[in-house]
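What follows is a pair of complexes built around chain A, which joins chain B in one and chain C in the other.
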Partner chain A sequence: MFSTILSQYKTTLTVFLVLLVIVGLEVLQVRAAIYPSLLPAFEWLKNSTPLGYIGTTYGSIYATVQAMHLLAMGTLGGLVLTTDLRLLGVMFRSTPSEVISNGTHKAFKVALIVAVLTGIFCAAGVADKVYYMPVFWVKMLALAAGAAFVFLVKQPLLNSKPHSEINPWIIRGMAITSILVWFTVAASGRWIGFS
Partner chain B sequence: MINEVLLQFGQWMEAQQYSQMLVAGYYSYSWLEATHVLTLMVSIGSLFIIDFRMLGWILPNVSASTIAERLHKPMMIGFAIMFITGFLLVYAKPVETIQSLWFRIKMVLLVLAFINAWIFNARMKAADGNWDNDSVAPRNLRVGAILSLVLWCGVVTMGRYIPYDWVDCDKTQNSTILWAAGCVDQLKAL
Partner chain C sequence: MSDDKKIGDKELAAISVSVILFSGLMFHWVAELISTLDLLELAYGTVKLFNNPLVF
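Let's turn to the complex of A and B:
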C-alpha cells in the first residue's frame, strides 16, 4: 500500500520533501552558515567575469539588458495571467483550458530563459551590492519556488489527465498560487531597484 | 519655441503642491514607479500574446480573433493604469523628465505604436475572416504585429534609459542633442 501511494504521488511527495529540507535548513541555521560562503562567488561574478566587466563598464549595454529583462518579465507575466485566469474560468471560457495551458507553456519557457539569462547579467554588474539585499534573496527564492512549482507540480498535473477530471478547487488553488508566486518574483525584482 | 513652452509648462507643474508632495513622500514615488513597471505584465504581456499569435508563434489552434478579443480588455486596463501612473511620474519630476532625450523618444515611439495599433485594428476588421483559424495571420497583419513588437520594445527600452544621465542637459555640449532634449538654458549658453 505504501509503495502504491509513493508511486501515485511521487511529484507531490518530492515537493513536500524539498519543502521539508528547506524548513530543516532554516531551523538548523544551515542557510545562515552557507550565506557568508557565497560572498566570494558574488565578488568573483562582478570582478572576474566578462559579465561583471561589461555590466560595470558599459552603462548603455547594462541598461539595454535591463530593458530586455523587463520585457521578458512582462511577457512571462502576460503568459502566466492568461493561463491562470483561464484555469480560474475568468478568461477564454469557450476555449478548453488544456489548449491554453499547453499553447502558452513553450513561450513561458522561452520568456523564463531570457529573464534568467538577462537577470544573471544584471546581477553580475552589481553582484557585491545585491548580495547584501534581503529583497534580492526573496526574489531568488520566489523564482526557485515558481520554477519548481511550474515544472514539478503544475504542468505534470495539468498534463496528467483532462482538466475536467481534476478537482476544480485544486486547479483554482494552483492558478492562484502561480499568480502570487510570479507576482512576488516581479515585485521583489522591482524593489531591488529601490534598495 | 516649443522647447521654451514645454519648459515653462514643466516649471509650472513643478511649482504645484501635489507635484512636490509626490517626490517628497517616502514611498509615493517608488509605489508609482513599481505600479507603472509591474503593469507591464498586463499591458505588454497581453499585447505581445496577440502579436505572437498573429505571427503563429503561440496558440496556433485558437482563432486569432478570439485571442485579440479576450485579451483586449485586460490590455486596455493595463495601459490605462500605465498612463495614469506614467503621467503622475512625469508630474512628480516634470522639468527633469521633459528635458530627458529618452523620454522624448519614448513619447514619439508611443505615438507611433498607437498609430500602428489603430491601423492594425482597422486592417483586422477589414480582413476577410477566412484566415482567422489559420496558424499565421495575413502578411499585412504580420507586419503590423512585428512593428508593434519593435515599437513597444523601444518604448520599454527608452523608459529604462530615462533614469540614466548620459545625455542630461549638463552632461553634453552637442547642440543637436541639447535641442532634441529641450535644454533651453544650455543651448543659449553655447
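Let's turn to the complex of A and C:
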C-alpha cells in the first residue's frame, strides 16, 4: 500500500520533502548562519576576478553586458507571457497551446542561460553592494524557484499529455503562478537597479 | 471517480507547487505594500489612499 503510493506519487512526495527540508532549514536558522560566510565570496568576486575588474573599470563594457541582460530578461518575460496567456486562453487561441509551449520553451532555455551569465557579470561589478540588498536575494530566490518550477513541474506536465486532457484549473493555476514568479524576478531586478 | 478524471502525480505536484509559490509570493508583495505604506505614513504623517489628495 505504502510502496504503491510512493511509486504513484513520486513527484508530489518529492515536492513535499523539499518543502519540509526548506522549512526545517529555516526553523534551524541555517540560512541566517550561512549568510555571513558568503560575504568573502562576494568580495572575492568583485576584487579578485576579471569579471569584477572589468565591471568596475570599463563602464562601456558593463553597460553593454547590462543591456544584454535586460534584453535576455525582456525575452524571458515575453516568452513567459506568451506561453502563460495562451494557457489561460487570453491570446493566440487559434494556435494549439502545445505548439506554443514547446516552441517558447526552447527559446526560454537560451534566454535563461544568457540572463544568468550576463547577470553574474553585472553582479560581480557591484557584488559588495548587492550582498547587503534583501531585494537581490528575493530575485535570486524567485529566479531559482521560477527555473525549478518550469523545468521540474510545469514543462514535464505540459509535455506528458495533450493539454485538453489536463484539468483546466491546474493549467490556469500554473500559468498564473508562473506569471507572478517571473513578475517578481523582473520587479526585484529593477528594484536592485533603483537601490 | 473514474480513471480518466483521476488527478495524476504530475498534476498533483503542479497544483501543490503552484499554491505554495503563489501564496508565498502574494505574502511577500502584500508585506512590501504594508511596509511601503508605513514608510509613507512616516514621511507624510498620514496616508489616505482614497481620500482628498489635498491632505498631502
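As a working rule, the second predicted complex is superposed on the first by the 195 of 195 C-alpha atoms of A that agree within 3 Å, B and C clash if a C-alpha of one lies under 4 Å from a C-alpha of the other, contacts with A are read in each partner's own complex, and residues count from 1 in each chain.
We take it that a residue touches a chain if its C-beta (ideal position, glycine included) is under 8 Å from a C-beta of that chain, and two chains touch if they have at least 3 such contacts.
This one's a predicted model, so the numbers in the text were calculated from it and none came from an experiment.
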Query raised in the report: Which holds for A:A145: it touches chain B only (first), chain C only (second), both, or neither?
Result: second
Requested in this report: For A:S164, select first, second, both or neither according to whether it touches chain B, chain C, the two together, or no partner.
Outcome: neither
Report task. Applying the touch criterion given at the start, work out whether A:Q29 contacts chain B, chain C, both or neither, answering first, second, both or neither. Result -> neither
Query raised in the report: Does the superposition put A:A63 against chain B (first), chain C (second), both, or neither?
Result: first
Requested in this report: Classify the contacts of A:Y9 with the two partner chains as first (chain B alone), second (chain C alone), both, or neither.
Outcome: second
Query raised in the report: Touching A:A107, do we find chain B (first), chain C (second), both, or neither?
Result: first
Query raised in the report: Shared contact residues on chain A for chain B and chain C?
Result: none
Query raised in the report: What residues on chain A touch chain B, complex-wise?
Result: 59-60, 63-64, 66-67, 70-71, 73-82, 91-92, 94-95, 99-100, 103-104, 106-107, 183, 186-187, 190-191, 193-194
Report summary line: Given the complex, residues on chain A that touch chain C span 8-12, 14-16, 19, 138, 142, 145, 149, 153-154, 156-157, 160, 165-167, 170, 173-174, 176-177, 180-181, 184
Query raised in the report: For chain B, which residues count as touching chain A in their complex?
Result: 30, 33-34, 37-38, 40-49, 52, 57-62, 66, 70-71, 74, 153, 156-157, 159-161, 164, 166
Report task. Spell out the part of chain C that touches chain A in their complex, as residue ranges. Result -> 4, 7, 9-22, 25-26, 28-29
